[in-house]
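Here come two complexes built around chain A, the first alongside chain B, the second alongside chain C.
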Partner chain A sequence: MAAVKITDLPVIERENSISIKGKQKKQLKCDTDSVAGCVSQRACVYCGARVVLNPITDAVHLVHGPIGCASYTWDIRGSLSSGSELYRNSFSTDLKENDVIFGGEKKLARAIDELVAKYRPKLVFVYSTCIVGVIGDDLQAVCRAAAQRHGIEVIPVESSGFIGNKAAGYRAACDALLSLIKPADSLIGQIPKSINYLGDFNLAGEAWIIKKYLNRIGVTVNVVFTGDSNYESLKNTARASLNIIQCAGSMIYLAQKMKELYDIPFINVSFLGLQDTADSLRKIAAFFNDQEIMRRAEELIKNEEAEVKPVIADYSDKFVGKKAAVYVGGGFKAVSLIKQFAEIGIEVVMIGTQTGRKEEYKSINDLVNDGTVILDDANPSELEKFMLEKGAHLLVGGVKERPLAYKLGMAFIDHNHDRKHPLSGFVGAVNFAREVYSTLCSPIWTLVNRG
Partner chain B sequence: METLNCRSVIENPCTMCMPMGGILPFKGVAQSMVILHGSQGCATYMRRHIAEHFNEPIDVASSSLNEKGTVYGGEKNLKSGLDNLLKLYNPSLIGVLTTCLAETIGEDTDMITAQYLQERGLTDFPIVTVPTPGYGGSDFEGYWLAAKRIISALACKTKKHGKINVIIPNISPADIREIKRILLLMKTDFTLFPDFSDTLDSAFVRPYQKIPNGGTEKDDISAMPGAAATVQLSLTVTDTNSPGIYLEREFGIPLYNLPIPTGIGNTDLFINALKEITGAEIPPVLHQERGRLLDCMIDSHKYNFAGRSVIFGDPELVYAVTKTCIENGIFPVVVATGGKASNLKRLLQPHLVECPIETQILSETDFAQIRVKSMETGANIAIGHSDGRYLTEKEGIPLVRIGFPIHDRVGGQRLLSVGYTGTAIFLDRLTNTLLENKYKNYRRSMYEKHYQEKKAGERHGLQQFL
Partner chain C sequence: MLDFTPKEIKKLTGGVINPAKTCQPIGAMYAALGIHRCLPHSHGSQGCCSYHRMHLTRHFRDPIMASTSSFTEGACVFGGGANLKTSIKNVFAIYDPDIMAVHTTCLTETIGDDIPSILSSAEVPAGKVVIHANTPSYVGSHITGFSNMTKGIVTYLAESAKEAKKEQVNIIPGFVNPGDMREIKRLVKTMGIKSIMFPDTSGVVDSPMTGKFEMYPKGGARVEDIRDSGNSKLTIALGSFASTDAAIQLERKCKVPAKTLKAPIGIKATDELLMALRNSFVREIPSDLEEERGQLVDIMTDTHYHFHGKKVAVFGDPDIVIGLTEFLLSLGMIPIHVLTGTPGNAFEKEVKAMLLQAGLKANVKAAGDLFEFHQWIKNEPVDLLMGNTYGKYIAKAEDIPFVRIGFPILDRSVHSYMPVVGYKGAMRLIEMISNALLDRQDRDAREEDFELVM
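This part shows the complex of A and B:
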């Protein structure tokens, strides 16, 4: 295999966003604007905000903008609900040329009125899109007036596409959540041994799985941000005695704010993979410093591991010598995946994220082997180049990356928001190993490689 | 025609935006790439939407406009975007499509790109600009405007040659391949545009091609003004966006504007037009295929007669599917387009006269309204793209998938529905869906109807199983 170089990239501006472990000392450039014309895999601010807020089940999610933004985000995520299904609709003010010229405020007000009359929601999110940011509609004012008119909460989400990257959308969503969770005076006072679980969107019921684990060890989940949450449950946010954060990229800001405003401490967790799941349960138990919780956590870990470890080991036997490439949205997922692949005997040889943060890239760098390519905001050309040069057999990514992997004759793991099976917890670890098996060991590759 | 103009909100869109449609014709030009002038998200959302339908890598660049670019103009971003796109992909043609953002801040892409080519000494390099603000129209309008702009940018006065221009709407790669097969059977020498039959349904090859092989050659597009005639498969495109009308007005090429050849009547129109233009006889194999289709229609006609269809999507496809349904007695009760379809009602009227039932025609509609109308009219089969799964989930109306996008099933790119053979395959999909529904329900419904009184509030159809 030829030596992997990053100096032969066609676009020089990209060089600082790529590093090879052990080769350079320099800090990887991240959290910057995408380079024009490079075919970034990143989405926009609106996308980031919508991803975070959409799982709130009983809210009206109204997109103030042209039709496309609502069209491309209609019910595309796998967040499950135990109650309302309202969040699975996509509402749009469908701005047209005239609205762009004369302003869309009146149309927006009418749209809210119509939706409130039809669905009687307690909560409406109004997402701003690119043009709203430019034509200068006063979203705040329209939402405030509508809230008063209807006696409900109408919360503007400042998610104009151009104001930053997807991470700016997380921030906009957190700001919207902060204004929603402002507690009434009567709600102050923490419930002992109760937690808010931040950064789980209940894809294929993942939040339910974790909730069950936590209940089993004697910890109550107050509310999940935002998987299967609703207006009432979110209003109780401030009563938890601890915040645990999984998807830190989207939720760390909210956790910091809650610490500041409501004095709720937070810890980082991850329920992806056996090691991270066990570590996280222990970390939570240790935080409460309660012998019974610790005992129950150990018991749960022991029982669950006894059940799943042999199954996973059977799969791992088939993965000897295989190498993985990872390109996912956020940093926490990337960090967990390195460990999870190690658990099944697969080495990660290339890893990148769309919106990873400095701290996360540091963890990534600490965990991977020398020679591993690390990249931020990569494009298809770079993914292709490094996966081939590093001899990866498998890529983990989202919908856009999938056909690239297949066209390169590589196995693929869907680690995106529209998947239909859980990857969290002990059960998720088995699903993960099974998915790796189903794609890595398919007979198709024998056929393909025979030529 | 009912529209939603009285409403201020769209609930579950039945359409996509203009640049989305604009990307597709460029994918049908050999070695071409597209850059969207706007914020990063537009390109990413559209790539995702297209990739999930075709199961192909869809590389579309963005000028990644940020706040600064939005305030002070995006010229710098677009120019460096073009630089990088050339370095990464080395394309032979670039399409520059605008978005809501670029149009709202008043970007002049014609000027910027002309300047760019001048500055880089690339004056011969073809850049085709298309103004496609998302608020300016639907994906349907974006598709046709882009197709027209590509032709008008490349077309040169050419010596007459015997070829026929065949202009293709947004149909599947398998459909395009079938049309090419028919053209060859009719011994036609043709330029087919846009040809994404290979680029958006490419074979597995090594090494990987960043820009997949295939697509209409630039030189062939340039020579379109020398053709003997144009066959354009779009009755619903507006004159302003019509490539066929452009070629007719600018270069005097006779235009045969026809529907998508889905359905026996529509396929007859296509083949007879080819016969008229080339003077070639219809070969026995096509006669045979037509006969087989008739046989298929007879075999299925009683089952089909139970169908009451709701048809939605791109107006051109909606027109062809509606006609096919009428031919087969699957009478349409709701015909809907999410975008504007100003002449759809007029086009359908003569055919609807033959229907024994009333048909609701909705334009600029959404799935909330399609759902209501479908229930009011007793629709029992939905025909259109995969967003119609909403009708299945909510009301138990089974969906036959056709058109773009199809996200919840594989093989959208391989769905064949044109020509006599394609129509038979499509019709089988319709009939079998009706049959499947019948087998699923008839024991229970007969039991309920004839053995015991139906319990109050209980509903017929698939609903009871959902």
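This part shows the complex of A and C:
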């Protein structure tokens, strides 16, 4: 195979956002704005905020802006609820030309009033979109007044699309959450051996799997951020004794703030893959320094592994010599996927993220083999170039990457909103192997002449 | 969520619940994809571009390529001119399209970026073209955006030579699937008439699997053909909402007579399209098409008792819904709730006129949302629901047979390859409708009523 050269890139500005392990020592450029005129796979601030908050099931998620932003985010996340389904509706102020000229505050106030009358929610999130940031509606004031009028919480989310990238939206969501969870002093840290689980959105019911594991080892899950959470459960946030963070990209800021404000310590975990799941359970047990929890954790790991390892091994036999490319939203998921692929005998030859952070790129670089291409905020032509040059058989990505992989005659797994099976925990590791098998070893690829 | 719609109807004044439309730019992006080797460009925040590509990708299950100006706070304060100029430079340097189609967003419209003046001072490589359309998201809907970009295509590209008009017809198909565009082109070709269709997304968003990723697949209207559209002797705009403006622009600019017809859904509207072609080009309807029409009438007679008197609720984009309503009436069905999210009085007028002619009265609304539509159904139940994917919530809540048609369809595949237009499309619609109704009858039948022959 021809050696991969970054210098072939059509956009010189992109050179610092791509590195090849073992080739150079430079720090990968990340967390920057996309180049104007690029076919970026990235989204905006509003998108980041919405995906984090949307799984809060009993809230009215009201989008203040023209219709599009609400239309494109109507029930797209696949996060499951055990209670209210209110969050699966699409609410928009549907701003028109007149509102843009004369301001949208009155219409927003009316929308809140009508929705509150209709659904009696305890919590309303009002998302700011690009245009609101420009026409200067005072979201704070409208929300404050509505909250007083109705005696509920109406929280503005400062998510105008242009004020940064998706990561800025995570932060806007965390700020909204911080204002929501602000506790009375008596409510801080009172439930022993209880945790908040940050950064799981309960896609395909993943948070439920982890909750069960933790219950089995004697740890109580206080609230999940934000999968299957609701107003009441979030109000109890500060009572937990530990925060564990899965999706660090979206939640590390919230964890740091909770440490600062309520003195709740946090640790990073990952429940993707056998090794990470086991390590994370041990880490949690070790934190509580409780013999019984540790014993039960070991027992759970032993039992679960005994059950799933032979199944996974059967699949791995079929993957010999296969190579994977990964392009996902956050860095935490990328790191876990490298390990998870290693567990099923697949080498990751290209890996990138939309919003990975410096530390995460360092972990990625430490984990991958020499020659692996690492890239931040990639565009489709870069993905194509490196996947082909590195001989990848499989791509892990989101909605927009799927048809790209298929057109190249390449297998694909959705590790994003469109995932249909839980990929977390021990059972998730089996699902993952099965999904890899069903796409990688499908007979359809024999019909494709790879050019 | 399914229990969240109360029966009692109260007017909403503060916005919409569960929209039946989306914003202009995605329509502009889709129209621009219908030009060969064109890269649509979204002048705004990068989320817009990302959302539109995601939505179109989910509907078509094909890669959707478009670039973005990637707005930052600075661009908002100082104007987006610099971002757009950099974009133009980068797009041609990196992605090398033949043509770049810029559309605006609510953000760039509000800060007042003057696109023509930015374009006039931008560096565009020789032989390349940049066109634009203003598509403020706070006006109209995705259909308006499609219409505006199609009009922009005419404004920038259509030219007329001095000599007499050529024996060729321009067809503006409206916001329909590539499967529909292929079928319309086949009909016109079978008539023996040369046509120029634009936008034409066939071969772009339904491109074949070759094992190679083509940034610009083989399909799409060629720029030279669109230029030549100014020399055609007739433009047929299919659908008044998505296509008429461009046809009128072409009439104004190049003196090509414009004729607006309904989207050719069902027998009557297809007849009208073929008759218009016959009259303008002095052709006989070829026997192949007469045979197809005869087959359709045969199918309609064979099955009419399945449909007669069934109540239907229809929602979606205005041109499609107007065509569909007419077809449902011709089957003896009773559309009692008819709604589009796109604003426009013409919709209500046209649908009401058709209903009046059939001696029927119904709930008809433009600029409506699916919350209200659901309330209508709760108050006056139907036997069948037709519309895009978002109808599935209502179908499940009310346990109504559901036929998916329109945009977007996010939960079923193959639809974008198959037509709903023309005689063949009408046959397909009949198959879909009767399968939905009869599957339901089988599902609900008591054993003693469960029949083999239906």
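We take it that the second predicted complex is superposed on the first by the 445 of 451 C-alpha atoms of A that agree within 3 Å, B and C clash if a C-alpha of one lies under 4 Å from a C-alpha of the other, contacts with A are read in each partner's own complex, and residues count from 1 in each chain.
Please note the rule applied: a residue touches a chain if its C-beta (ideal position, glycine included) is under 8 Å from a C-beta of that chain, and two chains touch if they have at least 3 such contacts.
Bear in mind that the values here come from a model prediction, so they are computed numbers and not experimental data.
Visitor: Give one word, clash or fit, describing how chain B and chain C relate on chain A after superposing.
Guide: clash
Visitor: Quick check on the superposed pair: does A:G273 touch chain B, chain C, both, or neither? Answer first, second, both or neither.
Guide: In the superposition, A:G273 contacts neither chain B nor chain C.
Visitor: Tell me the contact category for A:G78 with respect to chain B and chain C: first, second, both or neither.
Guide: In the superposed model, A:G78 contacts neither chain B nor chain C.
Visitor: Considering only touches as defined above, state whether A:L86 meets chain B (first), chain C (second), both or neither.
Guide: Once the two structures are laid over each other on A, A:L86 reaches chain C alone.
Visitor: Is A:P156 in contact with chain B, with chain C, with both, or with neither (first, second, both, neither)?
Guide: Neither partner.
Visitor: I'd like to know which partner A:G425 touches here: chain B for first, chain C for second, both or neither.
Guide: A:G425 contacts neither chain B nor chain C.
Visitor: Applying the document's definition of touch, where does A:G68 land relative to chain B and chain C: first, second, both, or neither?
Guide: both
Visitor: Under the contact definition given at the top, report the residues of chain A touching chain B in one complex and chain C in the other.
Guide: Chain A residues touching both partners: 10-11, 33-47, 62, 65-75, 89-97, 99-100, 107-108, 110-111, 113-115, 129-131, 133-135, 161-165, 380-381, 384, 399-400, 402-404, 406-409, 448, 451.
Visitor: Once bound in the complex, which stretches of chain B touch chain A?
Guide: 7-13, 15-17, 19-20, 35, 38-49, 51-52, 54-67, 69-70, 77-78, 80-85, 87-89, 99-101, 104-105, 133-136, 138, 202, 204, 206, 208, 210, 338, 368, 387, 390, 407
Visitor: Taking the complex as given, what residues does chain C use to touch chain A?
Guide: 1-4, 6, 10, 12-19, 21-23, 25-26, 39, 41, 44-55, 57-58, 61-73, 75-76, 83-84, 86-91, 93-95, 105-107, 110-111, 136-139, 141, 207, 209-215, 341, 371, 390
Visitor: Tell me, which parts of chain A touch chain B in their complex?
Guide: Residues 10-11, 13, 33-47, 62, 65-76, 89-97, 99-100, 107-108, 110-111, 113-115, 129-131, 133-135, 161-166, 379-381, 384, 398-400, 402-404, 406-409, 448, 451 of chain A touch chain B in their complex.
Visitor: Please name which positions on chain A make contact with chain C in the complex.
Guide: Residue positions touching the partner: 10-11, 33-47, 62, 65-75, 85-86, 88-97, 99-100, 107-115, 118-119, 129-131, 133-135, 161-165, 380-381, 384, 399-400, 402-404, 406-409, 448-451.
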